[in-house]
Amino acid sequence: MNTGETDEHTIFARRESNARSYCRSFPAMFVQALGATLTDGEGRRYIDFLAGCSSLNYGHNDPDMKRALGEHLASDGVAMGLDLHTPAKEAFLESFERLILSPRGMDHRVMFTGPTGANAVEAALKIARKATGRTNVIAFTNGFHGVTAGALAATANGYHRGGASVPLSHVTRMPYAGSAGSVDTADLLATMLANPSSGIDRPAAVLVETVQGEGGLNVASAEWLRRIAGIARDHGALLIIDDIQAGCGRTGSFFSFDGMGIDADLVTMAKSLSGFGLPMAVVLVKPAYDVFGPAEHNGTFRGNNHAFVTAGVALEKFWANGAFKERIAERAEQLRGRLSAIAAQVPGASVKGRGMMLGVDLGSGDVAADICATCFEKGLVIETSGAFDEVVKVLAPLTIDAETCGRGLDILEAAVIEHAGANRQAAE
Amino acid sequence: MNTGETDEHTIFARRESNARSYCRSFPAMFVQALGATLTDGEGRRYIDFLAGCSSLNYGHNDPDMKRALGEHLASDGVAMGLDLHTPAKEAFLESFERLILSPRGMDHRVMFTGPTGANAVEAALKIARKATGRTNVIAFTNGFHGVTAGALAATANGYHRGGASVPLSHVTRMPYAGSAGSVDTADLLATMLANPSSGIDRPAAVLVETVQGEGGLNVASAEWLRRIAGIARDHGALLIIDDIQAGCGRTGSFFSFDGMGIDADLVTMAKSLSGFGLPMAVVLVKPAYDVFGPAEHNGTFRGNNHAFVTAGVALEKFWANGAFKERIAERAEQLRGRLSAIAAQVPGASVKGRGMMLGVDLGSGDVAADICATCFEKGLVIETSGAFDEVVKVLAPLTIDAETCGRGLDILEAAVIEHAGANRQAAE
Amino acid sequence: MNTGETDEHTIFARRESNARSYCRSFPAMFVQALGATLTDGEGRRYIDFLAGCSSLNYGHNDPDMKRALGEHLASDGVAMGLDLHTPAKEAFLESFERLILSPRGMDHRVMFTGPTGANAVEAALKIARKATGRTNVIAFTNGFHGVTAGALAATANGYHRGGASVPLSHVTRMPYAGSAGSVDTADLLATMLANPSSGIDRPAAVLVETVQGEGGLNVASAEWLRRIAGIARDHGALLIIDDIQAGCGRTGSFFSFDGMGIDADLVTMAKSLSGFGLPMAVVLVKPAYDVFGPAEHNGTFRGNNHAFVTAGVALEKFWANGAFKERIAERAEQLRGRLSAIAAQVPGASVKGRGMMLGVDLGSGDVAADICATCFEKGLVIETSGAFDEVVKVLAPLTIDAETCGRGLDILEAAVIEHAGANRQAAE
Amino acid sequence: MNTGETDEHTIFARRESNARSYCRSFPAMFVQALGATLTDGEGRRYIDFLAGCSSLNYGHNDPDMKRALGEHLASDGVAMGLDLHTPAKEAFLESFERLILSPRGMDHRVMFTGPTGANAVEAALKIARKATGRTNVIAFTNGFHGVTAGALAATANGYHRGGASVPLSHVTRMPYAGSAGSVDTADLLATMLANPSSGIDRPAAVLVETVQGEGGLNVASAEWLRRIAGIARDHGALLIIDDIQAGCGRTGSFFSFDGMGIDADLVTMAKSLSGFGLPMAVVLVKPAYDVFGPAEHNGTFRGNNHAFVTAGVALEKFWANGAFKERIAERAEQLRGRLSAIAAQVPGASVKGRGMMLGVDLGSGDVAADICATCFEKGLVIETSGAFDEVVKVLAPLTIDAETCGRGLDILEAAVIEHAGANRQAAE
């Protein structure tokens, strides 16, 4: 059996909820996955430019993580550990401190939340509100932070918001960098917060992504982010960087805000944190704001030790020195060059994003969907993002080799030209 | 190193958030886990009457699940699959249909949510609201449904609610079965909903646990549950059974409501669903209410294939016939007998719960805490529950053998007598 | 022109909003009003058992108030005074202190709110929340407190709540005295608040009517009210008595809770406070809870000096000694006697209410509506109340003479017998 | 007795709530009021540039209204009429239709709400939400719409919002015309609403003042208002003009938006609507949106017939022809000329407002307060507005004669020069 969606007799059609989505666009049965490659039940191979929505930054089934997890399993290591102390958790924390936090001078504590990004966002919002005694949170247009009620209030996408079927509260929306034409959106935020009659209640936090993954690969400049950070500080609000999709190397460095001079009070992480695609999420929190009492925010699966095992390997393998960062930079350059060339062939198209979080804005969700469908037929898994699903988004594993990456881009280029190329447009 | 909490030099004290909790009561470093036994770094063994808060119903590192997961890993099976079709997911769904749903005549669809119980509850509430066009949800005193904003609104515990630091909305609270003295709480609900001027807005759903795990092992009778189900139906509200803690055999059968004649519209499951303690959660939803559009409720880790692998094994191994159910019944009988005898030695104490979800109500959180601390010293991991943490809760793996179970109970009995025995009380 | 509703050519049909209501039941053009009598454009007289929903307790156009208002007007006294000091306000406050507050040992301050009952309720809720730092308010089934968003959250009636078209927040609903069969509703409240896992957030206030005017003339006993007051105090919640409809003598004494041993922290008053039916509302607030800053709750018309003039006269004329109270008691006895006799002729009917806030519960909104319609035809203006509009409510001016009252009751009796009498029922 | 605030022995200090405000700035006992003049208990006269915050546009105790009200009173006309038909209501409606609505081609219906502006705003918001099935409302920075919970959510002032002590919901805040530097705020609104991922839920209504009275006399241009109206229409949102302070001639014509080509779906009116300062409020609503059922939004005092009497006289006396409009224009010219001259003497000061809703922005709340205090000493009642109370606001009766107006301006000019004049600044 190859396709799920088309065959009404499958168990998926019969028993899986209508909420399923990716399997509709990519109706194969995926039996194997390695690095940047997926293989279906008929042996067909696909290059993976989706990478679990950036939760597989190190590719599928990294051999070192696989080995470590196999050993953990074989030795009857704790799998499910609530928040008990285990060697796997200890090792992760030590690596995280040594390789990530200490070199950056970050004294943040690590809060293990329920193992979803949304849960980390929920925890971060609660922390900010408890720490400040305020309820309002500033979030931005096109931001995506999850779909549980607290996180969803901060998520901007109307389709997802509608799913709540209740009004969403305690969030004030401001335009993201560059989202409102020539308006200086940082200035606007500053102006609004400086006015005691602006009608915007004093914020507990400003919640921001440095690159909006779901929102269309919108990039905030370091300067804009520093200004936002300064405005937050001036008004007694905590700065929460949601680095769930942009973190773990996706934009070129471990944190997407590395080197920007930004001092985040809280950082949410998930997706590629475990390295292996296993569920894991944390909130990094400055000691001064580590205000939860024991289990005040809890969750059964906050001690997913399998994920801790692979997460520890990921840190040691990829972040012990600067080699991986250089490798990402090379691949990012390759991607940006090729994508720019592709975009140049489409009237009005442009490249968006940063690092290996890049895409081509086609200006049309229909066109972008057609491109992705054609890519899939040709062996490339790739998806769209953006308010109108108008951006074809390349989220290849950061570990992809140049050749595979190039082949994926070849497929993409052909599909773009087929559906949106200048010649085609002229012909119509 | 053995203890985390007492040693300030550990990475846990230095870098883990204050929100950590179990590790404070059980400050060991747990290096290995098998069946009902945990082993710490010094080789000390503990009987596990906590079992990951009922997420390890089949014990730690079940060998069959372990083998299957190891094979999946070795073959580079998909680990992280978003909601793509995979053999592991297919196998789980087929087993779930064949062994669980079909025999019960349940035509429910399976919605894979983010892999936490809270996420499943959030999804279920959203579904009920979307399906009915109403916003209000009836939830009960002492109920626990998670701590993300939507689920937390339904959770009753004041400590957890306070963590939100915002008012929680769209939930009406009603007293649970037996929670208000002699009041017939089902009658009360019926009376309130029948009155158009009761001030209770028409509910989208009634959300209920059959046994309240966190709330103190309060048991609702089958009759009460049927009446609640009938009231929900009469008023056009969906019935959501939260079977996250009570399900997967904990109360004696797969669903905690098996054989009660209850037709739940939505069922939330998590904890022991994966069998191995890996993060996994689903909502079972009747086709008529399967109203989400594609990805309207989404989440990166909703395709945790490792969990699907072990979940499939768990179903085939334990639920293909009635043997496991019989075994649970035996152990439940052992437990109830011993716990009754223990309670009989404490003035005012009583046994609460159902199946292997049992405990002793000591009437005092301090006494219960002392008992658990003494147990831990003697090699038994056990925790409290209840509004005042006054119930010592036995959540042994369902697979525990009679002898190990008996040894755990011996430890418990000694601790109870030490801290709460009749003689002790008389002496004071 | 006599009727508005039936003639589509009237300005009312053409230009007044569909929200108009009483004029649909009583489609006359009322040109004159004196005491307990209304006169329409064709000279027809009606006995008024509606009395502006208890805002005309002293009857229409009381001659002494009229004289005082005429003099104020003639002398160019301030009409609209914001919250500036004026002799009319001074005189009202002095009378209110001397005749009402001081004799009862009440040290409450008077907050002049916007001149509607709803505005007073909104202010009282805000005060309680600010004073306690809590958000939740306990309100009761069948309670009515107004239809602006804050007050409406406390109002129980589903029709009115639906008008908000948004979920209403920050209120927990509990069953009112006697509203839940044999349940001891005070006990239930105590039980719920004593349980830290009840899911009911600690309340800022308990808001209660002593007799529910709109809710169907449900009467809370003094003992029940004292218990509610005690529970509120035990849990740090303020007690707000909403005396808007039941106050100003309606139940037999100035406050409806006089002599009950109840120490209300906040009392809301409106309706008959001005004596003349002019818009005026206040919150009485204990000094300890007088926490608003200047104009923190404001409103243009909070200084309606015409109302202050007549309110002052009303206090001096009716409350300087016990004569009026005696007179109300006599009339209440007349009413209760006759209504009991009327109810006795209808199977299942009963008298409800207290003082001159009385009615007959017919058990059917349709029957009650028919009775009121027939009364109107015969020259009696009378309305229904209750969750099902099943109670015919007598709210005659407290000043009505025995003879007029008797004639009104004659009309009512005939209508009741016509539509609901035992003979009629037997015949069907 | 002259002053209230300074004398602690007064009844006001003893019994009136701390929420009182104007009486703190103007601590006189006002015994008489006529036209633009107030007289205190010692015979001292004050020119009234406050005019009941624009609720006395026709001055105090207009003789024609006084006469009509006196006659109504003498004839025992209905004072309090719920929403029953009365000649006073009929006459008002007929005048309103003939003189106001019909000449403008407005087919709006008149909804009589509780007699406060806040109540009218609450009703308008409910109507918009019911009519559209949406919950969100767009409101603007510096807007003021009242302090009851629903209206307060739309009010921008932080001090008033804080009084709620609960988070305020269901309103999205956007910057008002000119409030965000060079940002084209209409463009910004359009951009935000056009983006389905803006995070701004589709609005039921856009609620706007044409001139922000409390917010600092900020003026929206006709073009901006037309654009806002167009944006609302494009997105299926109703346009609500809050004309409570700016209406009834204050800006030069009956509605503040007359002649602007704006087609408001709902208009809220109160303040000067009764003409005499008596409590009265209405919502004008297009027939298509007249969606309330009978009494779905109700209120005891929605039939204040004394107000209807004076309101009817006001319409016939001032709006039967263009004379009054011309007179306002003359006085507005006088005011603007003098205020411009005054502002010219203060570095950085400027004139704000439109028609006879004018003021001088001093750039400092302290300076503005000093000016008002000095004015009061010299016999002029005048107040501030703005986010920082930095604007001295002239709200003289529209009927004020040139000479009295000039004297008031003389006092103001002297006070401004004393506290903020260029010489003074230079000297410091």
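The letters A, B, C and D name the chains in turn, as written, and every chain counts its residues from 1.
In this text, contacts are C-beta pairs under 8 Å (C-beta built on N, C-alpha and C of every residue); 3 or more make two chains touch, one makes a residue touch a chain.
Note that the structure is a prediction, hence the values are computed from the model and not measured.
To find the repeat of A-B among C-D, B-C or A-C, check which pair has over half of the same contact pairs by residue number; it is C-D. Between the chain pairs B-D and C-D, more C-beta pairs are in contact across C-D.
Rounded to a whole number, the gap between the C-alpha centres of subunit A and subunit D is 49 angstrom. Between the CA-based centres of subunit B and subunit D the separation comes to 58 Å, rounded to the whole angstrom. The distance from the centre of subunit C to the centre of subunit D, with each centre set as the mean of the Cα atoms, comes to 30 Å. Shown for subunit C are the residues that touch two or more other chains, namely 135, 159, 166-167, 169-170.
For subunit B in complex with subunit C, the residues that touch the partner chain are 135-136, 139-143, 154-159, 161, 167-173, 175, 179-181, 183-184, 187-188, 191-192, 195-202, 215-216, 386-388. Taken together, the subunit B residues at the contact with subunit A in this complex read 4, 10-12, 14-24, 26-34, 38, 41, 50, 52-53, 55-56, 60-61, 66, 69-70, 73-87, 89-90, 93-94, 96-97, 101, 109-112, 114-119, 122-123, 125-126, 129-130, 133, 135, 146-151, 153, 159-160, 162-166, 169-170, 204, 270-271, 276-279, 283, 285, 290-301, 304, 306.
Note for the complex: subunit C touches subunit A at residues 166-167.
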